[in-house]
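Take a look at the structures below.
Two complexes are shown next, each including chain A; its partner changes from chain B in the first to chain C in the second.
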Partner chain A sequence: MKKHLRIFACYFRLNLASALEYRASFISQAFGMALSNSTFLFFWWIAFQQIGGAIAGYTYKDVLFIWAVASSAYGLSHVLFANAANLTGLIVTGELDAFLLQPCCVLVNVLCARTILSAYGDLFYGFAVMLIFFAGEPAAWLWFLYGALTGGVLITAINLAAHTLSFYWGDASAMGRMALEFTINFSVYPDKIYAPAVRALMYSVIPAGIAVHVPLRLFQAFSPGLALAALGGAAAYCAAAGFFFYRGLRRYESGNVIVTRL
Partner chain B sequence: MKALRKYYVIAKVSFTNALAYRASVFSRFGFFTLYIYVFMSLWRAIYQEGAVHGYSYAQMVWYLIMTEFVSFFCGAEILQKMNEEVKSGSIAYLLGRPSHYIFYQLANSLGQVPLNFVSFGALATVLGLLFVGPLHSFTPLELAPLLLSILLSILLNFFFLTLIGLTAFVLEDNLALYLIYQKLSFMLGMFLPVEFLPAWLQPVAKNLPFSYIYWAPAKIFVNYSPALCLELIPRQAAWAAAAAAAALLCYQLSIRRLQVNGG
Partner chain C sequence: MQAINARNLTKTYRTRVKSEGLGASFRALAKPEYKEVEAVKQVDLSVEQGEILAFIGPNGAGKSTFIKMLCGILHPSGGAVSVLGLSPVNERRKLALRIGTVFGQKSQLWLHLPPLDSFTLLAAIYEIGEAERKRRVDELSELFALGDFLRTPVRKLSLGQRVRCEVAASLLHEPELLFLDEPTIGLDVVVKQAIRELILRRNRERGTTVFLTSHDPADIEHLCQRAVVIDHGALVLDSPVDKLKSDNPGTSMENIIAAIFQQETGRPLEAASDDTPVEEAPV
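For the complex of A and B:
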């Protein structure tokens, strides 16, 4: 475990250093993404202005909360584990060989090897929304941090599970993009707007509900049972995604591509 | 005439390519359906809370279907392509050809339109009929102005993306510019009709080009009247012409900065 944490910390340091090497690009991408996210608050403000009151049981402040959690969770996942969304490319081109040869846990090594600059904007955006709208509410902060952390890990697991299909089907990049798009769309709108079958999907196969909507429920009315069930569900999903990856890895056929990792 | 013919050939090659790789179009069907489903669900929830000024629920869903339909034509592939060509230096190969770089890209983009139009048009119609039924106000009379409005939207978006793409000559990264442009056009027409904006913002939105990419064709589609077409289509044409002129001018200025190293 200690070794894994050391690799994780080392990758984070190197990825950050490489991001800062192209400072202008880093700042413009992160700022652009944060600005881009903020336009959706404008959309919601207009939608609430049209009707007043609540939409599918969510007030404007509830929507701000799920946006903060979803944005930071997505940011965290793509700052720390961006390579999960790149797994299909590694499998299809045979570049996974380079990771298999190194003397450390394959999954940790693969997941942490890449970052996305604009994801820093998503990560900070969630904190900015919390600072502006929930500054004096410690309970909101507690459940925001809980949601951002569990959501970050869950989004990585969803990416991992979807791209792992490439071991079985060949190129599953479209499936991976689709899974991520579902996750985002299920996260940033009130869950009750969806039909019951879709809501069932949100709390099982693509557990965006556990990542974003459960923290809101816990913030509104704390329930230890719900908190534990959500944590248990998230842990089980992550374990299943890891297990699925290692099962798929057995089917991996090594390529003859020569890769240099700088 | 001879000059037009070569761009026609470029568009034809692009169309043949699109047909050969048609699977990529069908893989985007899932995304299109997802977005329509999400917005349909959201607006259904909003309409359940109370009436929304000026649009019935069916009109609103058809409006969103039309904006998504236009957005799936107006992909950002051209921007990504230009960024790669400028940064990798492969633009040098295109500059050596007997065609203008911008018009080459335009012909290439327009070549993709017929397949997108037919495939996403069919899907959009099926989804609309399935979710909210027919749009009763629609008449075949509006087909010609609607198609013209959609074509102008494609051109306007193309020249804006070209302008952003040309910044690759001077900027290390132009993603932020694209995101700002994308969200302005989303908020001033794609996700919300301009009529839903606060009263003070509506005249501003109507005097900016971003609304004419999505709002104009969708508004003509759900709320057709000859007077509306006469109001919106000339404005779309004027903005498309202005964006084209700006793109051509920027291209002339940018190309002087190009440095290509052989290898």
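For the complex of A and C:
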């Protein structure tokens, strides 16, 4: 465990150092992403001004909260574990070889080895929203942090499960993109706008509901049962995704594409 | 003691077969056809500790597949293999601590960062303490003359400098067995010779076993004690390099290997093309 924490910390430092090699690109991507997220909240503000009250049971402040959680959870996942969304590429080109040759947990080694610059913008944007709109509300901060952490891990697990299909299908990049798009769409709109069947999906196969909407419920009315059930569900989903990855890894067939590590 | 012991080692891939054209693509979508390809066919091979072995063959002969099974990257379809007394499939992490690899086509250095940063990461992965890491980096830096460019981003290094860093990185955890897959590919004559001398020195001073694949006959002549030739997944030659030289006085190693290859396979070595579609993504 201690060894893998050291590897995780080392990858984080190297990823950040690698990103900072191109300062202008880093700053523009991170800032650009935060700006892009702001436009969505602006449109939501206009919608609430026109309609007033609540949309599907969500007030504007509720929407701000789920946006903050979703943005930071997405950012955390893609800052720390960006390779989950890149797994198909690693499988198809044989880049997993380098990770399999090293004496540590393949999953930790693979997931931590990459970062996405723009995700820093997503990560900090969630905190900025919280600072502006929920500064004096400790309960909101508690459930925001709970949501950002469990959501970050869950988004990683969703990416991992979808891209692991590449071991079986050859190329599951489209499935990976689709899973991530569903996750984002399920995260940034009130969950009651979706049909019951879709909501079932949001709390099972693509558990964006657990990542974002449960923290809002807990903020609105704390329930220890719901908090524990959500944590248990998230842990079970992550364990299943990890198990699926290791089963798929047995089918890995490598490759001889010329590879450099960025 | 044996460093590698492979018995009847076999690797079979199932690969999709499709005729040319869009129509065939649609037919393959509705009714895909597959064929089995034996990339490695019941290979028996033993390598003693401290030995330097050349593993050669044309493109697509099965060299990389064989090495990847020895390293634990690929699971064999049949046979048995033991590397340093360990099973590569079941004891991959234990084995990885004791072997080093340089795959000419795959870098373990971070392109945008100096080699020193990659060495720090490798030290964390191989559980090397900070003081020990510094000692080993200093030692490798002196041996490979890395001092000038240890702090230069890898993208700004020449190919020769990068390969020296790659080999140094593979030795950081002081492996007992080194797999070198075309380590001198694309290098000029002077740098090739320098790399060879460094490998030889490591072998003499530490007794490191070296398993080398290369298309360069000079690598075999200057480095190796034994040459093994593989073609279409099967061994066609296993002989001491000295014996090859003494049996063919005055002939270059390139011509010796080419003549034996033609004798054994009925084809010239340079014409032995990659007609075996190995290592495809699963279907």
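One rule holds in what follows: the second predicted complex is superposed on the first by the 255 of 262 C-alpha atoms of A that agree within 3 Å, B and C clash if a C-alpha of one lies under 4 Å from a C-alpha of the other, contacts with A are read in each partner's own complex, and residues count from 1 in each chain.
Simple rule for what comes next: a residue touches a chain if its C-beta (ideal position, glycine included) is under 8 Å from a C-beta of that chain, and two chains touch if they have at least 3 such contacts.
Keep in mind that this is a model prediction, so the values were computed, not measured.
Chemist: With everything superposed onto chain A, say whether chain B and chain C fit together or clash.
Modeler: Overlaying the two structures gives chain B and chain C room side by side.
Chemist: Which of the two partners, first being chain B and second being chain C, lies in contact with A:F167: first, second, both, or neither?
Modeler: After superposition on chain A, A:F167 lies in contact with chain C alone.
Chemist: When the two structures are overlaid on chain A, which partner does A:L35 contact: first (chain B), second (chain C), both, or neither?
Modeler: first
Chemist: Touch check for A:I55: first (chain B), second (chain C), both, or neither?
Modeler: Once the two structures are laid over each other on A, A:I55 reaches chain B alone.
Chemist: Quick one: classify A:Y11 as touching chain B (first), chain C (second), both or neither.
Modeler: second
Chemist: Is A:P103 in contact with chain B, with chain C, with both, or with neither (first, second, both, neither)?
Modeler: Second partner only.
Chemist: Of the partners chain B and chain C, which touch A:G94 in the superposed model: first, second, both, neither?
Modeler: Second partner only.
Chemist: Looking at chain B versus chain C in the superposed three-chain picture, what is their shortest Cα distance in Å?
Modeler: When the complexes share the chain A frame, the smallest chain B-chain C C-alpha distance is 8 Å.
Chemist: Could you list which residues of chain A make contact with chain B in one structure and with chain C in the other?
Modeler: Shared contact residues on chain A (touching chain B in one complex, chain C in the other): 22.
Chemist: Over in the complex, which chain A residues touch chain C? Could you list them?
Modeler: Touch list, chain A to chain C: 3, 6-7, 9-11, 14, 17-18, 21-22, 91-92, 94-98, 100-104, 109, 166-171, 250-262.
Chemist: Inside the complex, what are the residues of chain A that reach chain B?
Modeler: Residue positions touching the partner: 22, 24-25, 28-29, 31-33, 35-36, 39, 42-43, 46-47, 49-56, 118, 174, 177-178, 181-182, 185, 189-190, 192-195.
Chemist: Using the touch rule from the top, collect the residues of chain C that touch chain A in their complex.
Modeler: 13, 64-65, 68, 71-75, 92-97, 99, 101, 103, 105-113, 117-118, 120-121, 124-127, 153, 279-283
Chemist: In their complex, what parts of chain B are in touch with chain A?
Modeler: Its residues touching chain A are 27, 30-31, 34-35, 38, 41-42, 44-46, 49-50, 52-53, 171-173, 175-180, 182-184, 186-187, 191-192, 196-198.
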